[in-house]
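A short worksheet on the structure shown next.
As written, the chain order gives the labels A, B, C, D, E, F, G, H, I and J, with residue 1 at the start of each chain.
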């Protein structure tokens, strides 16, 4: 099965670029496969962003996320990859993704990644 | 059906303009139509503001919001429009609107727009 | 019926004026009349303050608030008036009142007024 | 605007008619108009039934219920009418509808109507 | 102030007398006075009934219950009286009232009275 | 300190003896001492009964229960004793007491005793 | 992709067949595909049974349910099929499955199927 | 490590054997080892019984249950064994144990065993 | 009965004084007497502190707080006194006490007192 | 039994070291022994950190924490020790551990320890 691709993401023009405002999108039906065991993982993604010129279209976001259904991915990597893809496609003023995964082995993990508008990359 | 108009909004004098205080109004029965599919959307609007000389009257707010019942409007646009209308009519010291829409396709979206009293517009 | 009067409020000396500390009093049984329709309104008042030399006595607060039972008062006005009365009687270091009213016409309103210890009045 | 019609309801063959089992469908986005005031009412319908030869199709149920969006109907009448329509179309072994309406004037109302498989009509 | 009277209660014809179904009405804003102390009591009334030929009208129920606002009444007596009044006016197939009063002195009391359609009176 | 006595309990005539109805009284502030360790126990008592000719008066119930504040009593014994005392004083048609005690040693205990109107005693 | 098969289910001997007792297993991570749209559906399965000579093994149940991950199945059919498979493999004294699916189009559906130990099949 | 033994359980005379009443004891800190993987399992035991001549003592129950801390035991077997031990030691009129185990592999299991006073054993 | 004394409080050396960290202790079973009416008050104390060289021992804290069981004390005074006693005995880097009392007369009161490490006393 | 050792903790390379992001891991099944009484304690650990070059592996974390199952440890000491071990092994940019222990003697305790990236040690 092909790797998930950001090409599937569609955008539409921000109807109100002259104002900073935020959009929060909650996706409680995210599922991928554990690359070590092949077992399914389940989680809820919460994407919050301040759009600049573009907003992502919800139906295409849904199809984009469904690409992970049969794709092996570690929690930390998949969350960072989704942020990278959404940044590349919408170039927002800022964006944050919180991924809450359901418990495995009695342990529950959340990952929070954020792009604050200026570079937070370490060199 | 005519477009929603802010002319329907009524105000009354702020009974205590000498003090900064905030009013929060929660409207859990907002509904509009999706402009793409024509299907109804449902949501909860929370309007918080610090009034200056005018407060909006609740019954007129209700009638104003009911204008969207058979009106097609995207989440992001409608929330910004309502903020614009309430700003124009009440000219508050500050105002914030949070719109929480019920899930569609397993995905839930909230929009938060804010006027902080000084211009936040981008040029 | 006579207007509510702050004369009914009793105080006692702050047992610990040498320390800044806060007292929160929650009154979930506040009721007044809508001045327009004459119908009863219901709400919860939360009063938080840092006392200076005086604390208000709880039984007298209860009787003070019961004066509004058959009194017509708008949400915004009544909350500001109660703050004024409590400020006049206890002269606290700071005080905040949150009034949460039960829904009317499918719409719910909260009012938050605050005295921060220095003048916040506008001239 | 035309009256709601049951003609819009579609069915599909019960995949397991040899077993008595129940299906519960919850519709939290029901809205109609108060015939007296013209104001919108909102509610949640819960439909539980034991199918015989036919099940109702969910998308057509949604469109059927949307017919009430601009239709005036009292709580008690609309709930009974919807039961009548669903009985006529699916002829189930039993069916129950619970309609929970949001508060009006500080008062909340639920209506429960039931068809138990044998006639419960009074003559 | 005059005693509460059932004359204020209005009815409308049951739109579906040929079917046994139930109506539940929840009134969370009931308030009366304690006949011993004169202090206000607060409670939630839940009225459930199977109508026969008549339903009570909600606005008149609200006005009927508001008569108790300045009326002294013990928990046990007031709940039985309201049942008697609603039975007299609507003559339902059955009716049940649950009254949940807010705590006094750290103690909370509920009263449940019921008319089951046949006489439950003791002689 | 003297043993708790039922003499402190006061009654008033049931205002509606001709109808079977139930009264539920919840006392979340019950406290007694563990007879083994002398440490305080805390619990919530819920008393539900169908009165016959007499109801217990709430203030006297409160004072009656406060007698256990410095009294040593096992969970099982104290709950049965309170039922015996309330039965003796009010002679109800039926009565049930549920006592929910807060956790001790990571273990939580509830005791439920009931008088169903006819003798449930074993000989 | 092959159809789900019950061959994957493993059992172990009931450790206590001389006593009727029940086992409830909750699987909140069930997912299948809608046969009409190809879109994923999500749900929670609750399986309750009184074992006879055999219990199903949990890890094999998990693998059995994962077979539906890329399988198209209607709510009503899939729930009945899973009951059939579990009945065939464990031959319990009784078994009940409740399937609660997440909302689609603002509508939520649960399916309840039950085997009560004697035949409930219709002929 | 030695097997858990019921010898550690202590009893005290039922203070009120002439009345049928029930005692519910909730133990949210039960832990044992999975006999297959050696990994710890966690659960909550709820024991409800109508005592006859004997009640179990809570501190000894706690020590009895702690014996399972390093003991391998399947869910179904351990719940039945604990019921057997408590029946043997207290000989109650009836007893029920509900064991709710925390999720493993995304699946949650509860076991309910019951002794109803007369023999429910199968031969 | 003697006044509560801080002499009963025991301490142990902070196992990790080289790091600033906080300890929160919640005591939901605090009870004292109202000095005006003699009636019991109930509340929950939450004590949060950053220890310096000493931590308070939990069993001795429990016995210290039990001294208030038959002691008359106003809400505001008792909370400040407990803070003074714990400060004197443990000399923490900072400490905060929140006392939430159960409702009296339909009114609920919380008191928050805090020592922030530097003197907050007024002169 | 040997003391818990950090040698059991395994790490994997942070898949995205160029971005500051946080990982929260919740372990609700932590249990150790009270060193004074030998009785088991139970708690929930929440570990939040910003990884630098290494992340801890979840299965090894689980095995690391299971070492405390039969180990005596005070709340304050064990929480600081676990932080030290995780810091030593993963050398994160920052890390915080919140440990919430279940009630003992009616008193509940939480411990919060934090490493903020720069030294917070006192000398």
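The definition used in the following text is that contacts are C-beta pairs under 8 Å (C-beta built on N, C-alpha and C of every residue); 3 or more make two chains touch, one makes a residue touch a chain.
What you are looking at is a predicted structure, and each value in this text was computed from that prediction instead of being measured.
*Asks:* Suppose chain centres are the mean of their C-alpha atoms. Which chain sits farthest from chain D?
*Replies:* It is I whose centre lies farthest from that of chain D.
*Asks:* In angstrom, rounded to a whole number, how far apart do the mean CA points of chain A and chain D lie?
*Replies:* So the centroids are 39 Å from each other.
*Asks:* Determine the centre-to-centre distance between chain F and chain G, using the mean Cα coordinates as centres, and give it in whole Å.
*Replies:* For chain F versus chain G, the centre distance works out to 46 Å.
*Asks:* Indicate the residues of chain B shared as contacts by at least two other chains.
*Replies:* In chain B, the residues touching two or more other chains are 28-29, 39, 42, 102, 104-106.
*Asks:* Run through the chains and report each pair that touches.
*Replies:* Every pair of chains meeting the touch criterion: A-B, A-G, A-H, A-J, B-C, B-D, B-G, C-D, C-E, C-I, D-E, D-G, E-F, E-I, F-H, F-I, F-J, G-H, H-J, I-J.
*Asks:* If you look only at chain H, which of its residues touch chain G in the complex?
*Replies:* 74-77, 79-80, 104-114, 120-123
*Asks:* Over in the complex, which chain J residues touch chain A? Could you list them?
*Replies:* These residues of chain J touch chain A: 14-29, 51, 55, 58-59, 61-62.
*Asks:* Over in the complex, which chain D residues touch chain B? Could you list them?
*Replies:* Interface residues on chain D, with respect to chain B: 28-29, 31, 39-40, 42, 66, 69-70, 102.
*Asks:* Would you pull the chain F residues touching chain J in the complex into a rising list?
*Replies:* Chain F residues touching chain J: 39, 42, 102-106.
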